[in-house]
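One chain, chain A, appears in both complexes that follow, with chain B as partner in the first and chain C in the second.
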Partner chain A sequence: MRSWLLLGGLALLGLVTLGLCSGSYSLSLSQVWNVLLQGPGESPENVVVWQLRLPRLLQAILVGACLSTAGAAFQSLLRSPLADPYLTGTSAGASLGTALAVVLGLNYGLYPVCAFAGALGAVLLVTRLARIRQGVRLEDFLLAGVMVSTLLGSLVSLLMVLAGRELSRLVFFLLGNLSGSNWLLLGWCLAPFVLGTGLLVWNAYPLNLLSLGEDLAAPAGVAVERVKLQVLLAATLLTASAVASSGLVGFVGLVIPHLCRLWVGPDMRKLLPLALVWGGVFLLGCDWLTRLAPQELPVGVVTALVGAPWFLWQLQRERKC
Partner chain B sequence: MKTTLGALILSVGLSGCHSTPEKPSTPSAQPRVVSLTPNLTEILFALEAGSQVVGVTGNDHFPPEVDRLPKIGDMQLNYEALLQLHPDLVVYDPLLNRQQLAQLQKLGLHLEPLSTQTLPEMLNSISRLGVKVGKPEQAARLVTRLREELELCKKRREKMNYRPQALVEIWHDPLIAAGQGSYCTEVLELAGFHNIVSRPGYPTIDLEELQRLDPEVLVLTHPLPQTPVWKRLKAVRNQRVLEISEDLLVRPGPRVVEALHRMQDWLELRQPVPRA
Partner chain C sequence: MLRDLQGSWQPGEILGLLGPNGSGKSTLLRILAGLLPYRGSIQFENRELSGQTAAWRASRLSYLPQQLGFEQPFTAAEVVMMGQFHRLDRWGGGGSPELVSRCLERVGAAHLAGRAVTRLSGGELQRVRLAQALAQDARAWLLDEPTSAMDLHQQLELLDLFRELREQGKSLLIVLHDLNLARRLCSQVWVMDSGRVLARGNPDKVFASPQFEKIFQVKMEVFWDEKGDSVLWPKKLTHLESSDTL
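Up next is the complex of A and B:
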């Protein structure tokens, strides 16, 4: 595990350096270094590095980390390899929030707020639907999540038809897009990120026990319902902040946890930190690729295009061993 | 994908260039007309044929009278509503309405393609439209007036000593600019600017490219984004931002003269920025 974590850290460092030096405004490594030492300023080079590239790179890492840890948590909690962070209605809720903001013509600064509110609203609805007497049944939670997502998704389609010219914003949101990153947005994401990952790490060991089954975990001293709720809440917070800031970046939350599990096994105490780092590495790498294209692509297109073959290759290799 | 988006966005704002087989024109002297693009509607009203217009798209807002007319959809046409109006003539732009053309041709309507992607094409289309709607004299007068006005603008441009490099924003998120060979660039250069964007058509410009181009003047059709990236631009710091209504600049029609006057008035009030 140590070596994978170290490798991830090195990859992050390498990709950040690469990302700082590439883009349509040509800057050499030494220029970038000088600008970084200067601190934020007014010159064009400075604006490119401090206002465009740096927030975007950090945003990619943060969003990748959020989605990947949330995915790992959902997969472990729901004991389903197909679980991903969007399963619980967050994506549909956030899309609906954004679509409403677009159609109502709200200020752009409010889009992330609406997305966040939509995501939380959807998850509360799903949890409410899946709640029976004293606890949440996970099967019901899954089903309610799928149904609420479908329902909200159709409302989004309806609004898209009404959005007319503003449609382009929605399309970019639905495909995932990091080009709108800025420091304010990054700051907004940081609190849910810290809170969410903190809660998950806190619950890592109970989650391990819980994955053996609720009947076995309870006698081992796990407060089953409390752990379930805390994990759901934490994973939802992480997903909602990722979606609110960068739209629906697909694939990261589904596949990076699997990949990490292939490397270190299902122990959440090892899996969570690894998923956190590699989620960041993966999204940062994909975002770098989008910026190489002659026309900038939405990052969500690249994550699946690069991620699916990579994952299949890893899976094949692992099966042969 | 962004190219498609750009085309999508533009097609709503603009109002084209391959020929379709023409059907024999109907004998009616004052045909009932449906216009499928806002700029053709503007031309119809300028030809005093407004009373013959029986249907327009949801994107039409000029002149104000069109608000009361039946709408037949926007990006997505409502073909039944179109047929319900029993038009004698349907005017469209062969470029912007190309996706709807196959369907339109099945409806047995009298279709008239009118291209307006350049100023000469637009003047030519005005003449042809005038004949089609029974207003040939009005069309001839309008074309003569527009030619004279355009000529005056050219003369006025010759006298200007400030001919800055400009970037024309057509859409703000993502940033789409007018490129070489586009109608907007033709108007921009006739006014006296030079277009700093060298790519053709209507390219998407990422924000780093915007920093690299750092144009002397920004011509905006939407409010200036209040972000550090935009505020740092030379044009913004030197207060060389010209805001102009999107309809005036983007829709090829008789109001092009208004757009030109507005840009030239702005230019004449300014001097080259002294080098720091």
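Up next is the complex of A and C:
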């Protein structure tokens, strides 16, 4: 596990360096280093590094880490390798929030706020629907998630028709992209990220028992309902903040935890840190690729284009072992 | 749905629970294990069960369900370590690896320690879960058909394990289908049907009772050998003998 974590850390460092230097305005390593030492300033190099590239790179790492840890949590909690951070209605809720903002003609800066509110609202609705006297039954949770997603999705479609000229903005958001990142947005993302990952790490070992079934966990002494609620809340916070800041970036939350599980096994105490680092690596790498294209691509498209073959290759290799 | 249930069970006692499928045996076990809600009162060491924390319960009651499948590839040793959950710190540290290997050894599963539980057979899984319960070291055990996945030799070893636990003052509540096993093991049996306990007491008396024959629609015959050991032989009731038939 240590070597995978170390490798991930090195990959992060390499990709950040690469991302700071390359782009339409090329910078040498020493230039970047000098600018970083100077702190924020007025020169063109300085603006490129401090205002454009650095927040975007950090945003990519943060969003990748959010989605990947949330995915790991959902997969463990729902005992399904197919679970992904969006199945709880977060994505549909966030889309609806943004679509509403677009249709109502709100300020661009308010989009993340609306997206976050939508995501949180959707998950509260799903949890409410799945709630029974004793607590939340996970099958009901999945089912309610799918239903609410469908319902909200059709509302988004309706709004898209009404959106008219603003449609392209909405579509661009829904495809997922990191081009709008800035320090303010990053700050917005940070609090839910810290709270969410903190809660997940706090529940990592109880989650191990829970992933073997409630019939095992509860009699062994796990406060099942409390752990479930905290994990659902944490994973939702992480997803909502990712969606609110960067739209719907698919695939990261599904595939990265899965790969990490192939590498280190199902123990959440190892899986969570690994998923956190490699989610960041993956999205950072994909974002770098989007900037290579002649016309900037939405990162969500690239994650799937790169991720699916890579994942299939890994799966194939694992089978042969 | 269980109704009008009343009874008690002492430290160092093995209580057998019998009854047709769907009579409520597993439900009773799940209620005691804290997996289902109940109305009325269930007390353990003079405390109401429903008001206690998960950790309090875990040190007093362990539960082995009938369905044993695992979907996550933890190793057998990791699963046994989880039995100590109520004594571990928040990160799963502070457990005793020696205890884990001792428990696995006790059930003859030491060689499985490093194997993924997703790749074990039914009998192997059963032993890993028993080792986990040993590691949990609760005062009372709830066992749902613990012998079902085991071969004859393993069943006899299991009987030895249960007797050893009884000597240590543990209380065992075991759902069984095998009457002869129940006679060899239990000081008391309860026979359930449609969510009620219809007969209880000494196994030999209960098995010979008219209620028992009516619930199971069988007639009991007892065979004795020259050493004085006896074996129960249930026979299907015919229409003529039965008071109310199918």
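Here is the rule we use: the second predicted complex is superposed on the first by the 321 of 321 C-alpha atoms of A that agree within 3 Å, B and C clash if a C-alpha of one lies under 4 Å from a C-alpha of the other, contacts with A are read in each partner's own complex, and residues count from 1 in each chain.
Convention: a contact is a pair of C-beta atoms (placed from the backbone, for glycine too) under 8 Å apart; a residue touches a chain by one contact, two chains touch by 3 or more.
These numbers were taken from a predicted model, which means no experiment stands behind them.
Legend: residue contacts after superposition of the two complexes on their common chain; A:220 is shown touching chain C, with no touch to chain B. Of the two partner chains placed by superposition, only chain B is touched by A:168; chain C is not.
In the overlay built on the shared chain, the residue A:11 is in contact with neither chain B nor chain C.
Using the contact criterion defined above for the overlaid structures, shared-chain residue A:23 touches chain B, although it does not reach chain C. Legend: residue contacts after superposition of the two complexes on their common chain; A:103 is shown touching neither chain B nor chain C. Once the two complexes are overlaid on the shared chain, A:297 sits against chain B while remaining clear of chain C. Applying the stated contact rule after C-alpha superposition, one finds that A:262 touches neither chain B nor chain C. Taken together, the chain B residues at the contact with chain A in this complex read 1-3, 5, 8-9, 12-13, 58, 74-76, 171, 173-174, 204, 206-209, 211-212, 214, 227-229, 232. Residues 23-26, 42, 44, 47-48, 51-53, 108, 161, 164-165, 167-169, 171-172, 179-180, 182, 295-298, 301 of chain A are the ones that touch chain B when the two sit in their complex.
If you check the complex, the residues on chain C that touch chain A are 33-35, 37, 53-55, 57-59, 61-63, 65, 67, 70-74, 78-79, 82-83, 85-86, 88, 90-92, 132, 136, 142. Taken in their complex, chain A has these residues touching chain C: 76, 79, 133-134, 202, 204-206, 208-209, 211-216, 218-224, 265-267, 269.
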